[in-house]
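Here come two complexes built around chain A, the first alongside chain B, the second alongside chain C.
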Partner chain A sequence: MRGTLVRRWLGIPWVRALLALALVVSLGCLFNAGGAFLRWSTHRDMLRQISVYGILACGMTLVIVTGGIDLAVGSILGLCSVLFAQLSLHGGQGALAAVGLTLGAGLATGLVSGTLVARARIQPFIATLAMMVFARGLAKWSSGGQKISQAVQAPDGTFSYVDLPRAFDALGGSVLGGNIAVVTLVFGGCLAVSWVVLAKLRYGRYLFATGGNEEAARLSGVPVVRAKLLAYGLSGLFAATAGICQAAQELQGDPEAGTSYELTAIAIAVIGGNSLAGGRGGIGLTLLGALTIGYLEKILSINAVGESSRLMLTGAIIIAAVLLQRKKAG
Partner chain B sequence: MLPQELLELRSIGKCFGSNRVLEGVSFDLRGGEVHVLAGENGAGKSTLIKILAGIHTEYEGEIRLQGRPVRFSSPHDAARHGISVIHQEMSLVEPMTAGDNIHLGRESCRLGGWWLDRPAQLKRSLGLCRQLGLDLTAADLDRPVGEFPVSAKNQIEIAKALAFEARILVMDEPTGALNRDEVGRLFALVEAAKRKGCGIVFITHRMAEIYHVADRITVLRDGRRVATAKRGECPESTLIQWMIGRELSPLSPSRSGRPAGAPGRPILEVDGLTVPDPRPGRPPAVREFSIRLHAGEIVGLAGLQGSGGTELFQGLFGALGPVCGGRVRIDGKAFRPESPSASIRRGLAFLTGDRKRSGLVPGLSVTGNITLASLPALSPGGVLQPARERSHAARQAETLRIRLASLDQPVGTLSGGNQQKVVLAKWMEVQPKVLLLEEPTRGIDIGSKVELYSLMGRLAAQGLAILLISSELPELMHLSERILALHRGRVAAEFSRAEATPENVMAAAMGVLP
Partner chain C sequence: MRIGILFLPLIASLACAADPSAGGKWLVGMSQCNLGEPWRVQMNADIRAAAQAHPEIEVVFKDAQNDTLRQSAQIGEFVNSGVDVLIVSPKEAAPLTPPIADAYRRGVPVIVLDRKVLGKAFTQFIGADNRTIGRSAGLWIASRLAQLPVVRAGGRARVVELKGLMTSTPAQDRDSGFREGIRGAPIDIVFEADMKWLEPASREEMESALAVNDRIDLVYAHNDPGAHGAYLAARAAGRADGIIFVGIDGLPQEGRVYVRQGILAASFEYPTGGREAVESAIKLLHKEPVPREIRLKSRFFTRDNLSRGGEWIP
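For the complex of A and B:
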């Protein structure tokens, strides 16, 4: 009797995701690097470091629920970090205008991906792969391949320095006596928005229905094209948000920023238990996935595991976690 | 002298957790016979088949193959012992050629199994087809399986089974997607397999097929064997009684309470509707289709596969986009089919013939599926109202008598008949004026069929106009007040209930002029 109860619990996706997280955290307690894992600052740093990836993973979750994938988010992050730096550092735009325009650009880029997928019926992998390459090119073109920083080169070749706009201080800083990074709050906001969309809005149901059985959804009058546009559009919007945060943290816009971040975002969504086949998942799973990946990275780094071993271990652990989840599901 | 026992299952039992699905089931199969396994959905047929196929490896009891006890460790192991299963869902690899599919897993090879010898393989396939009387040429065998119609795929699957030199063929509802002609060809293949000495376990829900193909019949109910009998020894009524455990005619007079010949106002008026074939470069799928469908009326469409019935519904419902020619009026107002959502708003509902592919959304709960088409009304301002959805779903579940553990359970965990009721509930929620039903009882058990029949009668009595496509003539004749026979996209003939006989309807659908 107890066996079936345990099995029933393990059949619930978030229970499994929570178990994976608990496993990683207990590993951290075991290999605590002389007590480093038990200090609050470690957890605070982990939260800050995972936030940008987490923001991307929110958008990724929306897209994955529709049965798609968005490979362009890392490039859109780079593009938007450049754009935001150009507007606010060099363009002298106010914070609101710079943020608004950058978010608009991210949204537009996402909608282009969405149009290619939903209207032109190009496979999501291909459409967003193309957008990934294109957006990276756009970022490099608009920045001239240079990082956009406080140093401004005048036509005569001399450098002058502009003041850091307040938006950078605000977004790159932290609150509550330095205990919570602003970017973590932004991540929280993105989680909340995604949760509202997926769990509370009619369009959230449409995202699940589209991913679960597109033909049945279409014949039931579900606007599948608009549902997909919404998913990819929001994914672009979140990627732009991540780009702004990244620029504010690094005090510059980097056209190379966000390279391969899309893969981490996918890993977060998948390790949380969202089905790449679409139609199943939730934003809570993505949060658990983000924490799992975040702690994993953190534990490896405080134990001074070298980068090469770290990458190999991360790869192996992702597979192990996914296999573990599947085994328990069966 | 009886033919040799090919296969014997002795007191097979199986539990899933605490749920017992099979108990002490014995079953035997002789060479050269067709043994039909009958029973309602959930009676345990599929589980028994899966044990036989090596899919379920944990069970009680014993399997004997030609007298020797065996225990299969995997489907591959079962196949090695000569057991070949043809599932409801086909197991062909669509992009691969027919020849490659036939030999899949047993390729003709050279160089110690590394080098694929396709010419030899093609030759073997051709020989096999000739043996089975299939007219597939070498060029056909080189075409991807995906290009073949369902019926041909079925034949390829059987050829594949026989290429494996199977002694035992298990056919799980192989006729589900076939029309009468194709069923005939399938049965010819079954005969050929019988002559080769194969034993065949055959599962079907169609009564006529049972009596056509069976040598013996075994009925399962609630995981137990009720009876085994020779075909001649159990009349239809006995068989049904065994299956459902109670007296019930499958064609109970569900609509006798309705006054016949007193049609309401015309709800759906179609004049000269033409629907292009969705595949480019083909003649229109439906030509010059006209009908007056009145409130409270059920009109049946009889037609063989490819006669245009499916496209007629798709076109009328706007599933193909704004492509139809002709005039349509719903409830007296002009209507132009352009998209499913627009059609739903105008009072059309379309229950498709393939609930897996285009009916249910697997990730959603029962509630989510029931409210899917009516969400705009249930979520004002775009915000979901779970309590309201649940109460609507609960009401539908009660009206349609959907048997479920919880409204929140995934829809895939329901039985076929209950899944179909969920799809129907979805369409009832939009409160349609016209219901387009395509093969509403396909693949569901007799008990659920009977319930659906009486349900359709009730809905019609409430003033709903129903257009029904069914490949089961008795069903069509039982439910419909009028029957239109479709042939090659045109209405070949119209019959009133009194005029219609299986013979003249089928003749018209096959293009024989009355």
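For the complex of A and C:
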């Protein structure tokens, strides 16, 4: 009787994701680097670190649920961090206008990916790979390959300096007596939006239906094209949000920002237990995946583990976490 | 055949273009290994700026996007298109030695910038010495830390070293040179990590360094973005005021800005050599001799010497 109860509990995806997280956290308690792991500031820093990746993973989850993948999020992050810095630092735009325009640009790039996937019927991997390359090129072109920072270069090569807009301090700072980073709150907001879309809106069910069996969904009247446009559009919007957060934290727009972040976003979604095949998953799983990856990196970092061992351990622990989930599922 | 005839005038005009005596321009090819780093963007900008003073040359840039084989192919393309001088900033030594030697043997003068290739089949090497720069940084840091009250009272200073990608030679040299510079000084390296030249990674490592160390006196980062990332971490933890930050590269829009803002106590320049390469190219085009090797001298910038244009490292 108790055996079946345990088995039933372990059949629930979020219980398994929680197990993987617990495994990593217990490692942290064991190797706590002289008590550093037991202090709140370490957890606050971990949450700050994982926030930008987590925001990308929110969009990635929406796309993965439809059975797709969005490789462009890292590049869109870079493009939008450059755009935001250009508008607010160099352009002197107000915070609201700069944020609004940057989010609009992210949404537009996402919708282009979505159109390529849904209307032109290009495979998501290829369409978003193309967008990844294109957006990175656009970021480099519009910035001239240089970081957009407080130093503004005049045509004669001399530099003048602009003040940091308040939006940077506000977004890059922390609240509650420095105990939680603002970007972590933004991550929380993105999780909430994604949760509403997936669990509360009719379109959320359309996303799952599209990913589960696209043909069956189409035949039963699900607006498949619009569902995909929504998923990729929101993914672009979240990537732009992440780009703004990145720029605010670095005090500059870096055209190289976000390189290979898409892989971490995918890893977060998958470690949480979202199925890459589509049709199954949830945003709570993505949160658990983000915490698992975040704690893993933090524990390796505070223990000053060398880079080579760090890469090998990360690979091994990711596989262990995924296997743990699969085994209990069976 | 007929198409070939159509192209003849074009080919003829291209041939003329390569001869300035006929009113055209000398063609200088610049093969850059990648433009993903601000420092290399600066190198190209330096070359472009220096070339503007010489209307008789035209510089064509190619970016190998951090791909050795692509760079090798681009060097071949330059030779085939008949450049008069070739400037190469190679990604790595061994695989790019043959294409550079091939260009050299076919009579194209080759200036190798920043990273050396093997052998002697090139015209000139221009570069700075990371080990020297690292050692100067170490010496400067040792003397700066000797002024700390805790060190004067007989204690030891606590330093964090944030390294560049440790599989790359610049990071290895900036590390070994630094260790040489601080040898014998009362300094403990209390935390060291590989931040792979990346600012976000540097910030994360510094957060960990702050978490496990109650007192940090100085951060030595292998590049200025790394030092800046460490500063941001310390600032977020409310501990930036008690820590001295030192970086390397000294780019005008990066490290020198941080020094001016008071974020970095010092930044050690790693010169690009772009201007020197154009000067050598001009000499070569006028058949003047150039030295086999130019070791670039480097400056360091502090808040006090910034307005004077920095101070030369001996």
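The definition used in the following text is that the second predicted complex is superposed on the first by the 330 of 330 C-alpha atoms of A that agree within 3 Å, B and C clash if a C-alpha of one lies under 4 Å from a C-alpha of the other, contacts with A are read in each partner's own complex, and residues count from 1 in each chain.
Simple rule for what comes next: a residue touches a chain if its C-beta (ideal position, glycine included) is under 8 Å from a C-beta of that chain, and two chains touch if they have at least 3 such contacts.
Fair warning: this is a prediction, and the values are worked out from it, not measured in the lab.
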item: Overlay on chain A: chain C relative to chain B, clash or fit; value: fit
item: Which superposed partner A:Gly114 touches (first chain B, second chain C, both, neither); value: neither
item: Which superposed partner A:Tyr161 touches (first chain B, second chain C, both, neither); value: second
item: Chain B versus chain C, judged by how many residues of chain A each one touches; value: C
item: For chain A as apex, the angle formed with chain B and chain C - C-alpha centres, to the nearest 10 degrees; value: 130
item: Which of chain B and chain C A:Gly204 touches, first, second, both or neither; value: first
item: Contacts of A:Gly273 with chain B and chain C, given as first, second, both or neither; value: neither
item: Partner chain in contact with A:Leu251 - chain B first, chain C second, else both or neither; value: second
item: Partner chain in contact with A:Ser220 - chain B first, chain C second, else both or neither; value: first
item: Chain B versus chain C as contact partner of A:Glu307, first or second or both or neither; value: second
item: Touching partner for A:Lys147 - first (chain B), second (chain C), both, neither; value: second
item: Smallest separation in angstrom, by C-alpha atoms, between chain B and chain C in the superposition; value: 33
item: Where chain A meets both chain C and chain B, residue numbers; value: none
item: In the complex, chain A residues that touch chain B; value: 4, 7, 199-206, 208-209, 211-213, 215-223, 275, 278-280
item: Complex interface listing, chain C residues touching chain A; value: 35-36, 38, 41, 49, 166, 191-194, 196, 199-200, 203-205, 207-208, 210-212, 229, 232-233, 236-238, 252-254, 257, 260-261
item: Residues of chain A touching chain C in the complex; value: 33-34, 36, 39, 41-42, 45, 48-49, 140, 144-147, 149-151, 153, 157, 159, 161, 172-174, 178, 181, 246, 249-251, 254, 256-257, 297-298, 301-302, 304, 306-307
item: Residue ranges of chain B touching chain A (in the complex, touch as defined); value: 17-18, 317, 319, 340-341, 343-345, 350, 352, 357-364, 368, 372-373, 375-376, 379, 382-384, 426, 430
